[in-house]
Amino acid sequence: MDVALALAWLRASAGAVAAESDRLTRLDSAIGDGDHGVNMNRGFAAVVAALDATPPDAVGALFVKAGGTLISKVGGASGPLYGSALRALGKALPPGPEVELAALAGGLEAGLEAVRKLGGAEPGDKTIVDAYRPALDAFEEAVAGGADLAGAAAAAARAADEGARATTAMQARKGRASYLGERSIGHQDPGATSTALIFKALADVTA
Amino acid sequence: MKKFINDPADVVAEALAGLAAAHPDDLRVDVSEQYIARADAPRGGKVALVSGGGSGHEPLHGGFVGTGMLDAACPGEVFTSPVPDQILAATKAVDGGAGVVHVVKNYTGDVMNFQLAAELAADEGIAVETVLVDDDVAVENSTWTAGRRGTGATLLVEKIAGARAEEGGKLAEVAAIGREVNTASASFAYALTAGTTPAAGRPGFDLPEDEIEVGVGIHGEPGRRREKLRPARELVRSALDAILEAKPVNDGDQVIVLVNGLGGTPLLELYLVYGEVATVLAERGVRVARRLVGNYVTSLDMAGMSLTVTRVTDEMIRLWDAPVRTPGLRWGA
Amino acid sequence: MKKFINDPADVVAEALAGLAAAHPDDLRVDVSEQYIARADAPRGGKVALVSGGGSGHEPLHGGFVGTGMLDAACPGEVFTSPVPDQILAATKAVDGGAGVVHVVKNYTGDVMNFQLAAELAADEGIAVETVLVDDDVAVENSTWTAGRRGTGATLLVEKIAGARAEEGGKLAEVAAIGREVNTASASFAYALTAGTTPAAGRPGFDLPEDEIEVGVGIHGEPGRRREKLRPARELVRSALDAILEAKPVNDGDQVIVLVNGLGGTPLLELYLVYGEVATVLAERGVRVARRLVGNYVTSLDMAGMSLTVTRVTDEMIRLWDAPVRTPGLRWGA
Amino acid sequence: MDVALALAWLRASAGAVAAESDRLTRLDSAIGDGDHGVNMNRGFAAVVAALDATPPDAVGALFVKAGGTLISKVGGASGPLYGSALRALGKALPPGPEVELAALAGGLEAGLEAVRKLGGAEPGDKTIVDAYRPALDAFEEAVAGGADLAGAAAAAARAADEGARATTAMQARKGRASYLGERSIGHQDPGATSTALIFKALADVTA
């Protein structure tokens, strides 16, 4: 992955989040406070603006900047979580304008670790983690099986989408949805849904 | 959605500008960094209190900035916690060298953003103590949840800890009394309707004409369950049962009671509710030392109300009575 | 209809009981005669102020009883003026021998009931002066109407005349400054939704999702006309046009501004509105000496707001700033 | 009219007002503040209770007491207006347990005069007066034409009802409805409607 592709990914994520903003907000109205689409949209629009203004010349720096921008602009639960994930991803990457597939996989692992550390969510808690974990597993499995970035990203996107769908049956144990108790069952998690959009964006730009 | 706004995206910034214009002598509003501070901050040697959270809960928190209460407040977007940059900027702006207390309501977003801000402040050499408010006993099982939410007790924590800071309390003391107030508090809320966020443009949930949400928070999220509407006296009794079970009050204990409207409930109803509360507490031998009735910790235009009961010491009552001069709460000054 | 009440017929009495329980030290509530009085009334030699009107406008008037404002308030049924017996009982209870000022909002029912009460009080040897409040400039043609309604300016009249009485003003003086404040005031209101009276059980009118009522009063009555909802800045400009046309303010004049919510409008929106008001008044060279933003003269749970602009003298500002200690308005005490 | 008939009239009025309370309130919601039915109901129920508690033994005293009760219990515009009307009616009657038809007509005239004096309404202003005035004209005309109380009351009831209906076309100039300007046109006046109910009650009990 080079700087241009990383930028394309984040642009595509911004586009997807904007296009699906209403849906994310609707999902969040059902079991949260109805702002997830607005939050993600505000954040990714700011990321694109920040990167356009002063494009970093290293992939790692680009993700660190993107993460920092999310932290500075989003607020709520999703801002620090996605922001920390992207910062950790960026920090884990080796310097330079291009990174290998294995390094990217490691970076994504660091990103998930940051989410887990900050939010303390386990798989099954009905959060971002429930799309991110299976996506990363599929990504790593594809890489281990010899896939290229396009193949790994496609596998990750599929797994993330399945993971997001699977949250419908879960009772939330983290975030606002947890206050609803059993009433959180039967609704897809907004954060897991936005995670699936982001992995789909990666698949789209690499396909 | 019908609201007195211009572009939904500008609501928070424009309301902030209005707040600044309305309180030119008492408040200093930094519109670009998005925080509200006491005009006389920083005060050298005084412990500063900073709070914040999503907008839409007014007068909380911006309306509680002033002498005897908060030194600064950071309003996020509607129902969205503020960002670390904002909190850091406010923390630096009001630090008088004696440290800063962050009053944080226990929501995932608030906790994380304040935590990141506290780390950044520590990096800059500012001593920060965090007081987490989690009084909402409608959230029952903490292993299955993000823990109890912070709601009405936030006002009491900010008032009482704010008074302690005003009279010269040290960082650890101010934080300690804030935590004691939180520990001694329990709240429970009902919603009759959902509020409408300007960005979403429609109510957070729909309720049939004869149903209410039981155990709601202050972000338009649905509650634990739906029930048929019942007379106020029954709702009050159920809420006080939950409150007094979670935080027992013994015969002869003194309490401060907050009957709080969620934004769309007329004062007429809130006073009626207070009458029921007074009756039930009297039956149980609880002495109400002080009480406050009004819309203080709101959820936009939600028709709803919350009850908060805080078991107080004489010291807490003394601090409650101390002068306060803010847009939203004022006495003795 | 969903409200925190028991039987709709008992709302006013039960809310009154709650008010009494909530302010045991400051207020004395006569539940059978249905009035709210200062605990320290009557005060010998002090001119007393009595007001009243339908319930549903809280904190007006009961919330404005206390040091520096009203001596007593008579709440009628919801949106129904009080009866002469009540007004007479309150008048007698607070008369300290120096006479009583009745502050009456200009509605047919209020005017007639207060007039009957004043006649009865005169029969008992109590000197009564009536200050009629009629500030609502949405009512245009007074030969075709019962005259302008009394709305937001009532708060200013009660505060300023109340301060004059508190400092020892004579009956004629207290009434005179009350009338001057009224003459110097103009108000205009918009409604986004109707309020629901407990007895009727349904909103007073239905409004489509994109329409507002222009020029409403505070009783859920429809306004002069319907319009499409417009951005807050345009609504503010139109309202101020009407206000300043009816009561011109010259370059350099000082005013007090009240941005008043009608009960269901979040403070967030009211502050945004104040920001727009400040901008427009600054453009026109009007100096805002003081301002108040909040839900003070309400119409149950109506989503709506009114603007009141009062051209003030230095003397009025001094009286506005004087200490006031009531449930609904408090400073300096 | 004797004491028993006067009492029956007020009882029948109370019954009519109770039965039509919702309609009166609905009419008042359209051009007023939605309390006229509740107000009238509260007032007439109190009148019946007061008269039951200590029944006066003179017709005039009975109406004075009824009027005083309305003034003490109703509030709003209708309380003082109807209360003053009944008080004036009672005061205008000669003493004793029974009054002549001509005296009653004179008393009703005094009642209307009290409404006019207190409220200042002219015919056409869309108020109580627009039912009361034609009712009284019809009553007096019938009496002049030799009708008995039943006949005069029937004529008055018909005229009151017509008068109330005619208020629909009027633009209000008094009371809350006047604030609506032209929007008050097209709705029947609540107060004129309750006046028609009261005259109909008189026709019913004398028929």
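Letters A, B, C and D mark the chains in the order given here, with residues in each chain numbered from 1 onward.
The rule is short, and it goes like this: a contact is a pair of C-beta atoms (placed from the backbone, for glycine too) under 8 Å apart; a residue touches a chain by one contact, two chains touch by 3 or more.
In this text, all values refer to a predicted model and were calculated from it rather than measured experimentally.
Undergrad: Report back the single chain whose CA centre is most distant from the CA centre of chain B.
TA: Chain D.
Undergrad: Using CA atom averages as chain centres, what separation in Å is found between chain A and chain C?
TA: Between these chains, centre-to-centre, one finds 54 Å.
Undergrad: Using the average of all C-alpha atoms in each chain as its centre, how far is it in Å between chain B and chain C?
TA: Here chain B and chain C have centroids separated by 29 Å.
Undergrad: Just how far, in Å, is the C-alpha centre of chain D from the one of chain A?
TA: The computed centroid separation for chain A versus chain D comes out at 74 Å.
Undergrad: Roughly how many whole angstrom separate the Cα centroids of chain C and chain D?
TA: 32
Undergrad: Please list all residues of chain C that touch 2 or more other chains.
TA: 78
Undergrad: What are the residues of chain D that contact at least two other chains?
TA: none
Undergrad: Answer with line, ring, star, complete or other to describe the graph linking chains that touch.
TA: The chain contacts form an open line.
Undergrad: Can you name the residues of chain B that touch chain A in the complex?
TA: It comes out as residues 54, 76-85, 107-109, 112-113, 116, 138-141, 143-146, 149, 197, 199-200, 202, 204-205, 215, 217, 219-225.
Undergrad: Using the touch definition up top, name the residues of chain D that touch chain C in the complex.
TA: 25, 29-35, 38-39, 42, 71-81, 118-119, 171, 173-176, 178-181, 183
Undergrad: Taking the touch rule as given, give the residues of chain B at its contact with chain C in the complex, in rising order.
TA: Going through chain B, the ones touching chain C are 1-7, 11-12, 14-22, 55-56, 58-59, 63, 78, 190, 192-193, 195, 207, 209-210, 212, 229, 231-233, 235, 263-276, 278, 291, 293, 295, 298, 300-301, 303, 305, 325, 327, 330-333.
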